[in-house]
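Labels A, B, C, D and E are assigned to the chains in the order they are written; within every chain, residues are numbered from 1.
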Amino acid sequence: MAALFGQDALTDNGPGYAFSQAPSSAAGGIRERSFYPYTDNGGSTLGIAGEDFTILAGDTRSTSGYNINTRYAPKVFKIGGDDSEGTNATIILSVVGFAADGQILKERLDTIVKMYRYQHGKPMSVKACAQRLSTILYGKRFFPYYVHAILGGLDEEGKGALYSYDPVGSYEREQCRAGGAAASLIMPFLDNQVNFKNQYVPESGEGHALQERPRVPLKRKETEELVRDAFTSAVERHIEVGDGLQMLVVTKDGVEEIYSPLKRD
Amino acid sequence: MVRTGYDLSNSVFSPDGRNFQVEYATKAVENGGTAIGIRCKDGVVLAVEKIITSKLLKPGTNKRIATVDKHVGVVSSGLVPDGRHFVSRARDEASSWRRFIKSPIPTSIIASRLGSYVQMYTLYSSVRPFGVTTIIGGWDSEEELPVDGQVGSGPKMGAGGKDESLRSGGPGLYMIEPSGLYWGYYGAATGKGRQVAKGELEKLNLQNGTLSLLEGVKEAARIIYVAHDDSKDKDFELEMTWISGKDGPTKGRHEEVPAKLREEAEKAAKKALEGEDEEDDSSKGDKMEE
Amino acid sequence: MNHFPQAWGRPRDDIYGHYDASFLQSSGPNQHTQSPVVTGTSVIAVKFKDGVVVAADNLASYGSLARFTDVKRLRTFNDTTVIGFGGDVSDMQYLDRVLSSLDIKESYANDGHHLNAKNLHTYLAKVLYKRRSDFNPLWNQLLVAGTDDDGKPFLSSADLLGTTFSAPTLATGFGAHLAQPLLRRIVPDEAAVGGITQEAAVAAVKECMKVLFYRDARSLDKYSIAVVTNEGIDLKEDEKLEAQSWAFAEGIRGYGTQVS
Amino acid sequence: MDMRKTGMLNEDGIHIDMDHLKKGEVNADRELRIQERTAERPLGPTLPIESRISSLRSGSAADTQAVADIVQYNLEQFGVEYDMPPTTQTAAAMFQELCYHNKDRLSAGMIIAGYDPRHGGQVYSIPLGGSLHKQSYAIGGSGSTYIYGYCDANWREGMTEEEGVNFVKGALQEAIKWDGSSGGVIRMVVLTAKGAVRHLYLPDNGYTGPGTK
Amino acid sequence: MFRNNYDNDSVTFSPQGRIFQVEYAQEAVKQGSVVVGLVSKTHAVLVALKECSSYEKQLLYINGGRYQGIDDHFGIALAGLASDARVLSNFMKQQALSSKLTYGRAIPLERIVASIGDRAQTNTQHYGKRPYGVGLLIAGIDVTGPHLYEFQPSGMTQEMVACSIGARSQTARTYLERNLDEFANASKEQLVQHGLKALKNSLPQDKELTIDNTTVAVIGMGKVGKLENFKLYDGQDVSVWLDLDSEEKSEDTSAATEGAAMEIDS
């Protein structure tokens, strides 16, 4: 052992890590060679489906631990379309969690949607794309893409469609969904503001007689405001969220991108 | 002419010990544009006559001389796609050498490897021989090369105990035939005009090692022009590459001869030809101009 | 990313709790994962209006031993791109060979196409991600600097997990803690890049190298610095830190005989 | 030497190689490598790979021997196939390839030193992870930690053979003195154009002899 | 004896050094209906006759119409065995995709063309394989500008200024050769017209180009380094080009020549 110097000095004084840090030493007992292939790059995403539009939004901060990697790392992407910029795309995807997996997942889905067009001569529907995304994720069931994905588009009837996924491909069409670091902060807010949870018609009665406030489809303008509010609040309460807000809005006219700054503290 | 059937398959000898398929492959080479290589004292020149088979071809493109690693050039005459196959094998050889030895492959070794490869295509009935004869020119570095990827540099004044009188590296020129046969050359020529070209190369007395690279470029251009039979063939384009040592113009890399220099050489070549042809009718000279 | 390349890619106990590694086979075939042994510390880089400045010191450490003091950790590609390597030196050398063979392959076509910094970064990120997915990571964090398809300054990072991000200023290792805040003060965002001259960028980077040498015990006062622009690369590999000042030590009172 | 849980032999010792030069002595510029080891084993850690290339090994004896054997075989093949002697670089490249690609299975720190007329004397160091470093001199093994300072302070560019030998001897004496895991005799081999010359120095006479005999 | 024994496979040279199987494969290209390709300094154009000969199911594969999206920078047209073309096309698609994913760059045209050339060569040197029975024109734009390549069953690939392959393509080539000097500075419209004229030349006397039998594909360099993506004009869409052609004819048959003359003046 001495032949290789005191390797243990390497991490004697750092934070604790889950694995022994000593490099495999000369015949020095059992060699620990574990490697954790994931990290969490923070950030948060949010999707809301409207009557004739779908919004996907994400902050643009990328972190590792307490470090900010960059203040501009997009989390929402166009899928498919004519070229690498996604011109004429009709489907959007947001990914949050382990950014490298997210990037690869996005590229895979994008390629598949483009190949679909190449082979079938027509664009892929959101519904088909949603199922395909689930299959991709489950395909790596035992070495998952560590991401929370949300897929958005318009369905056959032109209504806003939103699908959210767990890392191994379980998915569901929903009205709204928040993902990532501040999901637990944003989701209750959405429940209340989008689905009017815990809102009741005043004076409608007591106990079971109390009537829930009826749901009304959100207008695009107010939905955008809702998204902005959700992120402004999340930024206050979560250190991994901030810097910028990127929104992609799908309507029958295509995909529109909106960027607005968030606090950088 | 009676053929006996021994020439119908590769890897079959005829009763008098010939492998006809290899000989036929050589015929394919004999129809190709002339290619030559000249080993000069300070570098190697490769040149090829590209017959313009159609006016629709884009001029200045469709390169026929390829680079292998950075220091080796390959030109072939015969079936062009076969030449490409040959080059891609050469590149594989060079990169596998890099992988194991972590340095550029010496010209002599790549020639030997490729000679074996071409020879293998004469051994089996399931393949046909290469329809190309290939000229390989390279420059083995005279410098002390680091191991690829190494860091650090040793003593500032360099290593001790070197034999300063030792000369290492330098130019190499080889030619591989469809049979797999290869030799090292001072000057090599193949393709349609090889006989004329060989005659011209011999006149240069290359074995004396006095011809410089720049002179080599001029000579190469001239020889291609001399070897071109313009009574039979259409116009041609001249493509030339060269390789010099670290003090020369290409710094050990195989590169295309700069356009300006090539044009100069071509002009000189045409002039030399005209001089020769003075007694002939002058129509030939006019034809060159177009 | 922090000061300990050995810790890169590992979950921190204080955040995730102790990781239960029992499901990861600890024996059997196909065990690749190693740990970095000979390592380089920070690489720092900043964009300016015409290009990017990158720097890294010339030290390769062996644990806490300053073992090799002439290790150049900046590598050029194509005269258009500089790659700075932090982390394991043997993996850096491997990537160096990979890049050399890529360079050779690219030059074969001789068709006027060249890989720029952006292309190269995409490629390297793919290599790194592939290796992490094979559980055989290349234990490095790289900064790739140069220009993009439009000739604008390009700077991006890729690490052993395949994570990539791009910013006007970047720093790996200890530099992420010490240099990054200093650099961000000068170039807070992409819009500020246009107002930064080469001189200002070089001065900022040199200042950061000095701060890193003061505070990072596994750094060296000899370093390499490269300026990459559309005109080419100016790489200096044997720079010395200038105008250090340790005189403040005189004023420090603390232990032992100095308590007064 | 001791047996570890893994069943691998572990070898201790220190190695110094130096690539050094000097002017003035005909043909005497050379590359030097020395090694020292505990006296109980009949052979030193110095293994001749090719006639004028040697490797020094630290770490697991079994691992390093296996690696050295493979490289030696490959170098012989190289010589036969291409009809030219391999250079020190070739040997270093082969060692590095093996050490790097098998880093998780080997515990081998190597020093490669060699002389060939074209490149002169050269020293390469391949530490644990399999990186390759060209150096003026290389030290390794348990005792080496104690002599980083000595070597840095005493190494000079362009030493003569004699100065070189003394440098190495001096460094090793310090290592033997301070490292509890180093000791015994000093073995040394000097590689020059003239070939490989082995030296031996004993503690009996304060490491002054018998030298080359 | 008319037949010879050297034409049974692609691994046998004839005494003259020819490989008949490869030459026969070239004949298959001539069975296909004609396609024409040409480039200017800014555009690359493919025009083709749609009426499929018995050989072809699909005449024009354009990586911009049906193959839209991933290789937005080039397309191909074929003459000969469409199924062979599909194999090559899929291969190119993969190569183009992989270039985008691996390097984030549109694959340089010369390299992708060389890669199918190399593939085709292998089929001419090994027993049990046959040469591809298809010729391709590959047209597109990369950072070095517009390009047109011809691919032959032998594995030969060549960069051309203009080219035509398929049945009676010789007459089209003759037209192209005669007007060669006008292509470089031609506008998009002029270039397509040249293509259509060349195409028409290869038609039998009694035939005309119509929206039912003609397809046109254009790719151009847009403004500020942006591509005008590969666009396929089929059916009714072709009429813009055909109308252009007939208009010009009615006005002045020598308009193209004049245009060229003017450019020389400037």
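Please note the rule applied: a contact is a pair of C-beta atoms (placed from the backbone, for glycine too) under 8 Å apart; a residue touches a chain by one contact, two chains touch by 3 or more.
According to UniProt, the chain labels map to these proteins: A = Proteasome subunit beta type-6; B, E = Proteasome subunit alpha type; C = Proteasome subunit beta; D = proteasome endopeptidase complex.
None of these values were measured; they are calculated from a predicted model.
K.L.:
Give the chains in contact with both subunit C and subunit E, ordered by label.
P.N.:
A chain counts here if it touches both subunit C and subunit E, which gives A, B.
K.L.:
Just list the two chains that share the greatest number of C-beta contact pairs.
P.N.:
After tallying contacts for each pair, the winner is A-C.
K.L.:
If you average the CA atoms of subunit B and of subunit E, how far apart do the two points sit, in angstrom?
P.N.:
Centres of subunit B and subunit E (C-alpha means) sit 32 Å apart.
K.L.:
How many angstrom between the C-alpha centroids of subunit D and subunit A?
P.N.:
Distance between chain centres: 56 Å.
K.L.:
Counting only residues that touch at least two other chains, what does the list for subunit D look like?
P.N.:
Where subunit D meets two or more other chains at a single residue, that happens at 104, 128-129, 131-133, 135, 145.
K.L.:
Which residue numbers or ranges of subunit A touch two or more of the other chains?
P.N.:
Residue numbers touching two or more other chains: 5, 23-24, 30, 33.
K.L.:
Subunit E: which residues touch two or more other chains?
P.N.:
101, 104, 114, in rising order.
K.L.:
List the residues on subunit B that touch subunit D in their complex, please.
P.N.:
100-103, 106, 109, 144-163, 166, 168
K.L.:
Residue numbers of subunit D touching subunit C in their complex, please.
P.N.:
100, 103-104, 127-133, 135, 145, 148
K.L.:
Touching subunit C in the complex: which residues of subunit E?
P.N.:
101-105, 108, 110-111, 114, 142-144, 225
K.L.:
Inside the complex, what are the residues of subunit A that reach subunit C?
P.N.:
Within the complex, subunit A contacts subunit C at residues 5-7, 9-11, 14-19, 21-24, 30, 32-39, 41, 62, 64-65, 67, 69-73, 98-100, 103-104, 143.
K.L.:
Could you please specify the touching residues of subunit C with respect to subunit B in the complex?
P.N.:
60, 68, 70-72, 89, 93-94, 96-97, 100-101, 104-105, 107-108, 110
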